[in-house]
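Which chain is which? They are A, B and C, in the order written, and residues in each are numbered from 1.
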Amino acid sequence: MTAAPAGRRAPALLALGLSRHYGPHAALDRIDLEIPAGEFVALLGPNGAGKSTLLRLFATLIRPTAGRLEVHGLDPRRAERAPLARRIGLLSHQTFLYDHLTGLENLLFYARLYGLPDAPGAARAALRAVGLEDRGFDLLRTYSRGMQQRLAIARTLLHDPDIVLLDEPFTGLDPEASDRLHERLGGARAAGATCVMATHDLGAGLRLADRVVVLVSGRLVADRPARELDPPSLGALVRQAAREPDAAWSAP
Amino acid sequence: MHATERMSDLPQRLLFLLVSLLVPVCLYVVFGVVPTEQKMGVVQRIFYFHLPSAFMTFLGVFLCAACSTLYLLTRARRYDIAAHASAELGVVFCTIVLVTGPIWARPVWGVWWTGEVRLTSTLILWLIFVGYLLLRDTAENREQAARWGAVVAIVGALDVPIIYKSVEWWRGLHPKVLKISGGGGLEPTMQRALLLCSVTFTLLFAHLLIQRCRLGFLQDEVERLSHAGVRRPARPAGGPEPKESDR
Amino acid sequence: MSFLGDVALVAGKDLRTELRSRDQIVTLLFFALLVLVVFNFAFDFTVIDFVSLGAGILWVAFIFSGVLALSHSFQIEREQDRIQGILLAPIDRSAFYLGKVAATILFMSAVEAIVVPVSVLMFNYRFSARVALVIPILILNTVGFAAVGTLFAAMTTQTRRSELLLPLLLFPAAVPIALAAVKTTSQILAGRPFDRYASWIALSAAYDAIFLSAAVLLFDYVLEE
């Protein structure tokens, strides 16, 4: 793959032969993936396929052991970290939030961490956007799991990232919280953010995504537009790919 | 091919031969040739092993820190293997120092542990590098072990002179009965014996280091092969294994 | 945010969390006091006096509770993967390190400020203004302890042998600080003049400077994956 010709915007995320090893074990093996800005990609695959590893590489939390990664056209290892970090948001099934701080204090902490000009204002706005404004002064440990996840969403989108990475965000959410998350993600997508979501929820994946990418044992085995698939056929695709990882699955 | 294999077998064999010759010569000189020291008697002969072991301890510590720094800068696996090997050898020789010290002290002073400055500091050094080995063993994977080990080795090496100084100040004016004068105060025969033993120990250290590094590379290779075997069980036997080096 | 601002932010977050839960301070304080109580029973203080043993007892109490403080500092970040949230942000990892060191120093200093007067009462030391000098000395040495301890704790708290590894690595590495603290404190308690312990204070200051700088450089390697 060559660099984008002049005049074309660099893709939001570009992986070229991207690999990540732990000792001799390859968690990711020569991944080639280009995600243009504004696209919503669902990342599927069995447990241990490398989805979390890929997301963490995209988030610049870990470094590749081989191959090349570009975020907004920049190599995170060479470019200054701070400007890139400000444009990335990661939502995991762990909340990254502090039990003994209030909802508002948690968001305020992150707002300051991200150097937002009006930290208190941004924190309050984010709290409102997830409907938790009357619980803002309660300690996080008094929140239910669904509320904690909502606050985590607020944390993720607090600094208006244009790359939103989601690692199985629907895990453990009740239907109501699920719907809210779905709404929020739809909103982010409408605002032009590039989203990559690892999920086991095939239905949610297909509803939100423009494109579906399947990983098995660290390798990219399928890459299809979402509109070509429905949940049953997607499920069959994933199961088959898991059984035959060496078969020639590729994007049409 | 990694460094110690590229180096042909011949120099390694010569080194081994040299060491095998020198060790018995050394033993003969220490127990047969050198005169018995006046004040301390026969037990003083242990000095000829005690002092060179101390030198080797510091060599091990220094090499470990140097290789660790190189590892952090280059991420080349060979520096990590060398650092680990140096630390192991350092601990071995340090143990020899800590065992021979009391053996020497007991007949001379009547106590096993004198709290003598250098011995105390050496014990602390031993603890730091045992901690290094334990931390490496406890790390989740090879890469983490290498990185964390390197951090501890660098901190440890920086600390060593400060530890020795502070223990020296702590003990204040201490009768230096076990003064290691190194050269002065020793008869010429004794000086030559000490030199011989120091050279022998250094060559022994080098030989053990090379062999231990070879072992390290082999272990990597085994891990890589067994891992490749697990991933592709259907591979036809006899097919060539693709050469990957992560040096 | 600016580098110092980030340091203050991280330290501030730790302080605020602690003030709410009061987890650490209570544990550290009572642990240190318990150590004093044990020593009180272990030695006959009508025969031995506090001046000769007191400095050692105090320092033992502080390093053991210090290890607890360091472990706790990183345990918190491991729950809910909170440390990932911080590493994700545009913050210098050294700022995170210094924030953690600052918070640990504050907690330990608070404990020291309470335990020293208590020990004076417990061990029947004749109170004099000199005791007040002991506290800044302890804090000076706590800086070095926290600097190396934070670096090591960031590694050891991720392992399965964490309770063994942190003391095993930290106590030998912190020997110069321990000796300096005990020597300086006992000289002060014995009423010796300043020039008797001035070089120990210089040693502590040098240790603090060397290891804070080294740790700031090395911390990146500890966290990176």
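One rule holds for everything that comes next: a contact is a pair of C-beta atoms (placed from the backbone, for glycine too) under 8 Å apart; a residue touches a chain by one contact, two chains touch by 3 or more.
Keep in mind that what you see is a predicted model, and the values were worked out from it rather than measured.
**Q** Spell out the chains that contact subunit A while also contacting subunit B.
**A** C
**Q** Compare the CA centroid of subunit B with every other chain's and tell me the farthest one.
**A** A
**Q** When the C-alpha atoms of subunit A and subunit B are each averaged to a single point, how far apart are the two points in Å?
**A** Between these chains, centre-to-centre, one finds 48 Å.
**Q** Averaged over CA atoms, how far is the centre of subunit B from the centre of subunit C? Could you give it in whole Å?
**A** 33
**Q** Can you give the whole-Å distance between the Cα centres of subunit A and subunit C?
**A** Using C-alpha averages as centres, the distance is 39 Å.
**Q** Provide the list of subunit C residues touching at least two other chains, using ranges where the numbers run on.
**A** Residue numbers touching two or more other chains: 224-225.
**Q** Spell out the residues on subunit A that touch subunit B in their complex, using ranges where they run on.
**A** Touch list, subunit A to subunit B: 21-25, 217.
**Q** In the complex, go through subunit C and note every residue touching subunit A.
**A** These residues of subunit C touch subunit A: 1, 5-6, 9, 13, 16-17, 20-21, 76, 79-82, 84-91, 224-225.
**Q** Would you tell me which residues of subunit B are touching subunit C in their complex?
**A** Within the complex, subunit B touches subunit C at residues 72, 124-125, 127-128, 130-132, 134-135, 138-140, 144, 147-148, 150-152, 154-156, 158-159, 162-163, 165-167, 169-170.
**Q** Which subunit B residues qualify as touching subunit A in the complex?
**A** Interface residues on subunit B, with respect to subunit A: 141-143, 223-224, 227-228, 231, 246.
**Q** Quick check: in the complex, which residue numbers of subunit A touch subunit C?
**A** 59, 61-63, 81-83, 85-86, 88, 90, 92, 94-101, 105, 109-110, 112-115, 139, 155
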